[in-house]
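After this come two complexes, each holding chain A, first together with chain B and then together with chain C.
Let's look at the complex of A and B:
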């Protein structure tokens, strides 16, 4: 058994989890909403990216247009569905979010059909050898994307005025507002970034599997939830580490634990253990 | 009540009365997933069933009456399937019913039909307990265990591959296939060098592929459905595994090839539908199916068609809509359906030969046939 194979496969999977979960944790950090419908936005990214690629023939162009378009969709989503219920107790938003997710799946089915759709000519399918491990180009692109997008996000948060406003709002919204920070703007940007990341993950998953179905958000919906809890809700760095760790643990678990534990159950077994020892999550500050 | 809500209610009421008013038809109940995760299979099976209904009705119907399918969406969930069964029996007063759904809902409804003594035919659900509900329950699809045995013969005998890796999808279907395969593999000199398990939701198989590469088998027997299998086979080939992949009905459909593209080439399956068949009924079904759905025929669609044809033949033989007479007709019937010549044993399981199909140049093609009555005999209790 080649351990480096398993490690690399796990890290690639972890990068996909990271792209999905970081957006989720951003929304939670800012608004205290468990945004289940985030997985529906992930699926939307997959559909839009695939259809645009088939239409234009250019994966790169489709990718850029999709993440921007879905980013704006995320802003509209916030404005339409979450903003009106911001003052309600948190479970209201949670229930709304679950309902929206179910509705999105069924809307995709009505529009795009229940059967899967595929790329006419899937790009990035050649394999290359990296450090003795054979990988599809698409998987390498996933890792590069995760590093660039999430690295870019870290720069945005740390080095720009928007980032400072965002961090101020996360730590104390009322105080931030009294210093003249436009809360609505911060929230819009937050949803734009989160949704764009989910869309990027959606397109890449669509490409790796060459298959988009209305229900493809089902597994990410609950696994990303486990990841952000592990990472300490709202903590981006923790979420990143939890995502990568889960990818690697699942990778080894698939081979060594398959008789005892379903791969999708590993996240939750891990979650239960962590909550028993560190109920604040692995990486929460307090 | 707001006016739009009222108009919806009114439309619904009219629609309900309309369906109840057509008393000159023979009603056949049909539960199938039309929404949710199994909606794609639901669409195929319903299309196949409706083609059969239209064919029968175009030829004058049965006993002077047209057939009518009463369809309800069970989302492939037992919690919906049970009330649907009750509704079909008590409210719609169907002569008999067909399950165009998965094992769990079919198994749950089978008991309801048995208690009410209403004949129930499972088109493609595979769990062994379905027909054990009683003597009113039949199955036109082949059992997973029988399919697994046929696959073992294909791998060890026809293809002569002896060192085999089995990849098992963790549900009733996958487990039954693997158990059937293993129960007879010694007869064909097959040795299973490793087994892997994965869930229905898995799409990323990197770790399993890496491990199989180290096993270096002659053949891989996979028990999954097409939507799991297409990424699996793609990733196997991308990972450099060259062993032949042998599979089963779960792969049967154009979608598998559409997704896996070149990686699909050379995949061999044991199934019920022969796409290169010269049988005019099969050819007509294939054309009509493509016309109605926009995609090529699959095993699930063909199963829906076969189940309706069996129902029509039983209704004709019974000569009435008396449910006990229909049951007796089913028990003794022999029907030439597009999935083969079908007859039932004492348990209500189907006996038929199987087709082997192979992907060549982006299409499912005829490979061979498995005619081995002894091997393919379903259990009768």
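Let's look at the complex of A and C:
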């Protein structure tokens, strides 16, 4: 492998991390909850997307239905599990969320079985050459999705009424409410968007690996946690940069650090080094 | 000799849970990577005795090594707080498993097998573990009432206020981390010489969450609550096949349900029950 291959692979990974981590950082920015169960929602997206594709035969249709359905699931999840404990001390939501995540993985195991399931006819598997690097179509789709979805989100946040309401709530919820913003609505939309992005990431990971297992949410989700801390909890731009940086660092790390650390631990090594130097993350909250 | 193994497992689980309770319960520093220190203790002791070292020296050695790493991680708790600390300690757990997997001298993925028997027989080993558990319970009760326990409590309640009141926050946090991780190391060494085989999966994130579940279910900071929760949760999978099959589902639901309905855990439920009973008596 040469450097441009490693760089491109790293950026693709980084886009997947970004899709997962942006949702997490949105939830944190709004509610101050470390939403560990986000990983469970990611896995749900993978299962639903894969099963729907196998059922309907159309990956594109399955993709759209899945991200919308999982988005609504995320809203219901917030309403049922988080809303009632919002006013308790911060560790309450954190631990409840860990419990939910562990339980979700087990429920997937009970429903779908512990063994992996695959696409009947894996879509987007052809390779094409982009700027001298051979890439699977699926990887290119990941990059396009990340750019479109996160770019769309940025437009939504910057240009629309709901985006303004959202930003106002993030910066001062009580003040926003006194200006007549419906906080509950902002939070629902927030969970819809976060969960839909996680589902999109889940389907794409399922596609690239061509398998879905109950525990697939674990590793990328823990890394996403490291990423949002690096990005300065709640800071979307910082999160994006941290996600791409981590993808690239890991990709090079597997070559140079492999004898010391396993690939999945690199994120945390990077995280701990950064936090010891800058406890507020690479990019502090604005 | 089924009861003996149950009591042995129960004993080192109680030590492990109380060791986390010192850090998370008494001092309020959430740790999501405590299994790493359990693992450091287990690996240290395993390496030492498979190399011909004495079991009796392995125990203090495991405590010292785990405590040393705990001291280093304790510094992280001085730099970052709350959610940042939760993620950092989770990271420590992943660093531990990620490091061990790639190291040949630690057995890599295969782990270390053939750890020698302490050579004192099953019943004395159970009694030894139980004695250590009793000592750790006594130590926890003592710390809770001591001046140090008051300082821990102040830090757990409100770190900034504690600092303003002149509590040396850094010193007490580091102390909590060193004691807590050293005791986790002891539990790990006892565990390693009970199962006689260590592998990295025994010390992963799920294990950190399991021990956190014991502390949460028992009631954060409560000594007796945590003892009861650790004793029950550690032996239930051995007693009931159903519990063994659905262990993680039950842990997950318990973590959520306790936080949702009774954040004080067993401890606060017992107190409520006790108040109701004694209240009725005085009314009569």
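Here are some notes:
Following the convention adopted for this analysis, the second predicted complex is superposed on the first by the 283 of 286 C-alpha atoms of A that agree within 3 Å, B and C clash if a C-alpha of one lies under 4 Å from a C-alpha of the other, contacts with A are read in each partner's own complex, and residues count from 1 in each chain.
Here is the rule we go by: a contact is a pair of C-beta atoms (placed from the backbone, for glycine too) under 8 Å apart; a residue touches a chain by one contact, two chains touch by 3 or more.
Every value quoted in this text rests on a predicted model; they were computed, and no experiment measured them.
Shared-chain residue A:226: touches chain C; no touch with chain B. Counting the residues of chain A touched by each of chain B and chain C gives the higher count for C.
Once the two complexes are laid over each other on the shared chain, residue contacts for A:164 go to neither chain B nor chain C. Once the two complexes are overlaid on the shared chain, A:156 sits clear of chain B and of chain C alike.
In the superposition on chain A, A:264 makes contact with both chain B and chain C. Contacts of A:13 after superposition: chain B is touched, whereas chain C is not reached.
In the superposition on chain A, A:181 makes contact with neither chain B nor chain C.
Of the two partner chains placed by the overlay, only chain C lies in contact with A:100; chain B stays clear of it. Contact with neither chain B nor chain C is seen for A:173 once the two complexes are overlaid on the shared chain. Of the two partner chains, chain C is the only one that A:84 touches; chain B does not reach it. When the two complexes are superposed on chain A, the residues of chain A that touch both chain B and chain C are 106, 218, 258-259, 262-264.
The touching residues of chain C, when paired with chain A in their complex, are 30, 32, 75-76, 79-80, 82-84, 86-88, 90-92, 94-95, 97-99, 101-102, 205-206, 209, 212-213, 216, 246, 248-249, 251-257, 259-260, 263.
The part of chain A that touches chain B in the complex is made up of residues 1-2, 5-6, 9-10, 12-13, 106, 109, 113-116, 118, 122, 125, 127, 134, 136, 205, 208-211, 213-215, 218-219, 250-252, 254-255, 258-259, 262-264.
Every residue of chain B that touches chain A in the complex is listed here, in rising order: 35-37, 39-40, 42-43, 170, 196-199, 201-204, 206-208, 210-211, 213-214, 227, 230-231, 234, 238-240, 255, 258-261, 295. Chain A meets chain C in the complex at residues 28, 32, 34, 81, 84-85, 88-96, 98-107, 110, 218, 222, 225-226, 229, 233, 258-269, 271-272, 275-276, 279, 281.
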